[in-house]
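Structures for review follow.
First chain A sits with chain B, and in the next complex the same chain sits with chain C.
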Partner chain A sequence: MKKANKYFLLTPLLLWLFLFLVLPYCFILTQSVLTTDDFGKVIYHFNLDSYIKIFTNPLYYETLTRTFIYAIIVALVCILLSLPLAYFIAFKVQKHKSFYYTLIVLPFWMSYIVRAYAWKIILGEQGIFNSSLMNLGIIDKPLRFVLYSDFSVILCLIYIFLPFVCIPIYTSFEQISKSLVEASKDLGANSWKTFWKVIFPLILPGVISGGTLALVLTLGDFLAASLLGGPNTLFISNIVQNLFGTSNDKPLGSAVGVVLLVLVFLLLEFSSRYEKKHETQ
Partner chain B sequence: MSKLELKAINKSFGSSHIVNNLDLQIKDGEFLTILGPSGCGKTTTLRMIAGFEMPDSGQVLLSNLDITNLPPYKRNVNTVFQNYALFPHLNVADNIAFGLHQLKLSKSEINKRVDEMLELVQMEAFKTRKPFEMSGGQQQRVAIARAIAPDPEILLLDEPLGALDLKLRKQMQFELKQLHKDLNKTFVYVTHDQEEALTMSDRIAVMNQGIIEQLSDSQTLYNHPKTKFVAGFIGEANLIPVKTGNTSSFTFEDKTFDFDHKINSATAILFIRPENVSFDSMTNISLKVTIEDVIFVGNHRKYKLVTASGQKIIKTEDSSVALTKIIGQSVTIYFSPNLIQIYN
Partner chain C sequence: MKKIVVSLLLIAGLVSSCGKKTEEAKTLDLAALKGSTLNILAWEGYADASFTKAFEEKYGVTVKGTYFGSSDELVSKLQSGGGSSYDVITPSSDVAGYIVESGLVEPIDESQIAAWKSLSPVLVGMKDVQKDGKTYGMPFTWGPDYLIYDADVIKETPTSWDLFMDPKYKGKIALYDDISTIYLAAQMLGYDKTDQSVLYNMTEEQLAACKAKLVAMKPQVRKNWASAGELDNLFKNKEIVAAVGWPLTPANLNKQGMNIKSVIPKEGATGWIDRLMIVKDAKNKQLAQLWLDYVSSPKVMAKVAEFTQYYVSNPEANALLTPETQKLMGVASMDSMFKTLNFWQPVKNRKRYNEIWSEVKNQ
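Take a look at the complex of A and B:
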């Protein structure tokens, strides 16, 4: 009786997950093995054409690869920026730690779109970036490549996903007992060695989980590319968006979605296996 | 020759003066314990020897070399931490090898030394365990092995047994003492547990409010405490207010006794251990008291005595002595002059 009660409390959540997660995935999975008639209407005829297209047409597999490379770049830069930042807040800040922490979390309180638009203003021809460089006399006319390019998209994604990487890394730093650092120095390791031999191995799970988060989120992002991307900046999600919209090829769109989903699941699985292997408690 | 010398060390955190003009000489090969209540500055003193804290003023000399401003990794001293501080991502062998790697030893030398250390602390079977797979006592053994492995000039121990249960603590006290004997190394041990200090140490420095109140061996410390604080902190003690008009006598319960002491103020404190309060007539320092209660405490019995003026005095005696007194009885107690002290 008690046990039944416990699960009863989960019903709203399970219902929600079923309606808005499981069911849609079932639709997509089913749709991905169907086909369309000449007018783009989905017809119930089983085939694997959509999957074959993804792995034979360079538009799809190349975009998928490129998106993956961009995602790796975003994740790596986020990690590199987070390491010193999180280290500073965890170990060097004595007072007002929560203030610094809030500064990292603060961007979460603003809409993604607003923040993406902000980059338009900063990077635009009349933007702060170009006008500052011009005022300083470094350039004569505005740099055009900084906006509507791969550069601006990656920059925006790094900015957006940085907190997702920084927070797990910061948490890992915070969990390191100061006495471990002291023990390392006591045993003859200087600060540099202490970081690589003691601190880094201990924050690695945080680095991996933060990096995975940035990787996965970038793989599924389409807003940055559509707002800040150039004519050739295309993320895999932009293609999905297109296939469900103008191109009206829902089976193919679904198939791309399924491939992306499998990819993300594989990434998450690797990441959690790694974390389990390096458990320290 | 002293192995380690602290000269006029001062250390403050904010407005609190933690260590106050401290001088301490530690002899080569001795087991010295810094004993004191929490907040007395004992751990801070140890941390300044290790290099985790820098003194505001003063000098730390190790084998006559000034190490005051050296960082911890350049000092040839190692610490056993209270919470063990084993590296959670490394197994037992790698934890012990950590300090050896910094010495740039060859792989075979490191392996040999690790095995030696494991044998020393009887942890051979745990070589590949991770710290979280071991009990507190086992972790502490590994922590000791790790600290000894690089062969430091001094081993610092910061309340290393504080987190262990009583039985294990007693056993580890014995083992540490044995280890000290076998290694012939200088140990500096910090604790707030007076019994631990009395059991293990060659010498004990009793610290209170940033200063060393007394530095001597266990017996002297127990029998001849130099200050009122030491008298009250170590063991059980009767601390009885008395009047002192001059330095050759004191007055208590309207009786004046001849006794040479150094206190020349109106009021003072007389110190006597409960086991030194005697029913047998032996000196002229005697007092009429009433037995308020008799308590049996295993190997000894405790008398609660009260004087005419209401001053309570505790006397203990061996339980093997036949009990001849009853509650409510009026008796005379005697203090031997060489077993009492008078403090300000």
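Take a look at the complex of A and C:
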């Protein structure tokens, strides 16, 4: 009875996963090997053309590679920004710790689109950024590369995903026993050495999970690129969005989705193995 | 037994219809419509309060407009089950025929459209929205894809699309994020000089030349706009000085005190013809038909033209426009404009066109 009860509690979750995860994946997988007529109506004819296209047309594999590189940049910058920030809150702040923590989480209270739009206002030709620099006499013409470019997209993504990276890193900092740090200092290690030899190995799982999160979220993001991107900006998710919307080529869109899914699975598998390896050490 | 019941019902039906109750039935139906919502899936500007309000008050209903940014977006929404969410759509001439052929829309009842007879015969006579003797679309508006420019910056009226290549305006141009920008490149290359339909049936070589042209234009481009609202903002924030766009943009911006002008350059321009159609399986078919009837009247058409500055399908509306709008729209020369525009046609290889457009971005 007890055992049956346990599984009974699981049913909502299993049902949810089946309906909204397993079924859609099966559907996407099936659709990726079909084809369409000239106006995008799906025709039930098995072929692998979509996959062949992804690996032969530079549009698809180049965009995929570029998005990956950008995702790595976003993840790395988020980690670099989060390390001192989380360290500061975990070790240096004595009073009102929750206040500082709330400051990190605060942006979540606002809609993504509003925050992305805000960057348009900040970085625009007549925006706060350019007009302040001009008023200060640092530049005499507005800097135009800061908006409608890959730069503005990456900047926005870093800003949006920073809390996702900062929180797991902060949590791992919090779990470190202060006595370890003191012991390291007692034994003559300076702060730098203490950080890299004692603290960093301990927070590595947090760094990896936060970084992976930013990486995966960037791979799936299309809004930042469509709102803040320029004529050259093209992320893989823009192509997927395009294929399901504008281009109306659902099989190809599904195939790109499947390729992306496999890559993300590999990435997650790799990072969780790495994490485990470090935990056991 | 069943047969008897059916025939009894039929007889009862005949008897009651002989009682001339049709008038009463119609008013009853109208009462039933009260409180319902007419959902319009349309290009921006086609559900503005300036002309939806009177309809809402007349029938006690709500008109809700959802905007789409490109023809492909419309088709994709309809195909993925949009039928149950929308009642009326406004497809352009490039996908109207396909939408009819795919059975995504209902035939319309011309007899219930009061001003049908006064609609432009040229537009009504177009074959692409007719099938098996039935009409599937009511002509609504048409207009050009103008070269739009900020006349405060560009003092001389541009004569050629080559303005988009002028290094003076580097990073100050906006293109439409749509395959119609490929038609524009083809026009710049002179492909439609002898045959307008070439733009919509280009060979792989011609597409490659268009792609090269658009890639060469890229340093000039600030942003590819995805909606008329986005284009308005680009002009307003001084991010751009020239763009390809619809009359709605100068109409909107000049109301806000800007000096935005539009022109058809010497290479010509493409254009579009928009229809009103009733979606198959629409929830409010009757209300949709009433909307078509309402919009067809010269008075409402004039309001549409005042707001969008698009040419409307009921010529009687033109006289009702303010002299100012008549002048701005160039109503006097609209017939010659109609003849010169290269109206969007269905593109057989639409998938490839879309891919080319993405490839331009990836270059």
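FYI, the second predicted complex is superposed on the first by the 278 of 281 C-alpha atoms of A that agree within 3 Å, B and C clash if a C-alpha of one lies under 4 Å from a C-alpha of the other, contacts with A are read in each partner's own complex, and residues count from 1 in each chain.
We take it that a residue touches a chain if its C-beta (ideal position, glycine included) is under 8 Å from a C-beta of that chain, and two chains touch if they have at least 3 such contacts.
These numbers were taken from a predicted model, which means no experiment stands behind them.
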Side-by-side fit of chain B and chain C on chain A, or clash: fit
First (chain B), second (chain C), both or neither touched by A:48: neither
First, second, both or neither for A:125, with chain B first and chain C second: second
Contacts of A:183 with chain B and chain C, given as first, second, both or neither: first
If touched residues of chain A are counted for chain B and for chain C, the larger one: C
Partner chain(s) touched by A:144 [first = chain B, second = chain C, both, neither]: second
Partner chain(s) touched by A:231 [first = chain B, second = chain C, both, neither]: second
Minimum C-alpha spacing, chains overlaid - chain B and chain C, in Å: 46
Set intersection of chain A contacts, chain C complex versus chain B complex: none
Chain C-touching residues of chain A, taken from the complex the two chains share: 36, 38-41, 57-59, 62-63, 124-126, 144, 147-148, 226, 230-234, 239, 242, 244-249
Residue ranges of chain B touching chain A (in the complex, touch as defined): 50-52, 71-73, 77-79, 81, 83, 85-89, 98-99, 102-103, 130-132, 146-147, 150
Complex contacts: residues of chain C adjacent to chain A: 70, 72-73, 75-76, 79, 95, 98, 102, 171, 175, 178, 218, 221-224, 226, 237-239, 348-351, 354-355, 358-359, 361-362
Touching residues on chain A, where the partner in the complex is chain B: 177, 179-180, 182-190, 193, 197-198, 201-202, 278, 280-281
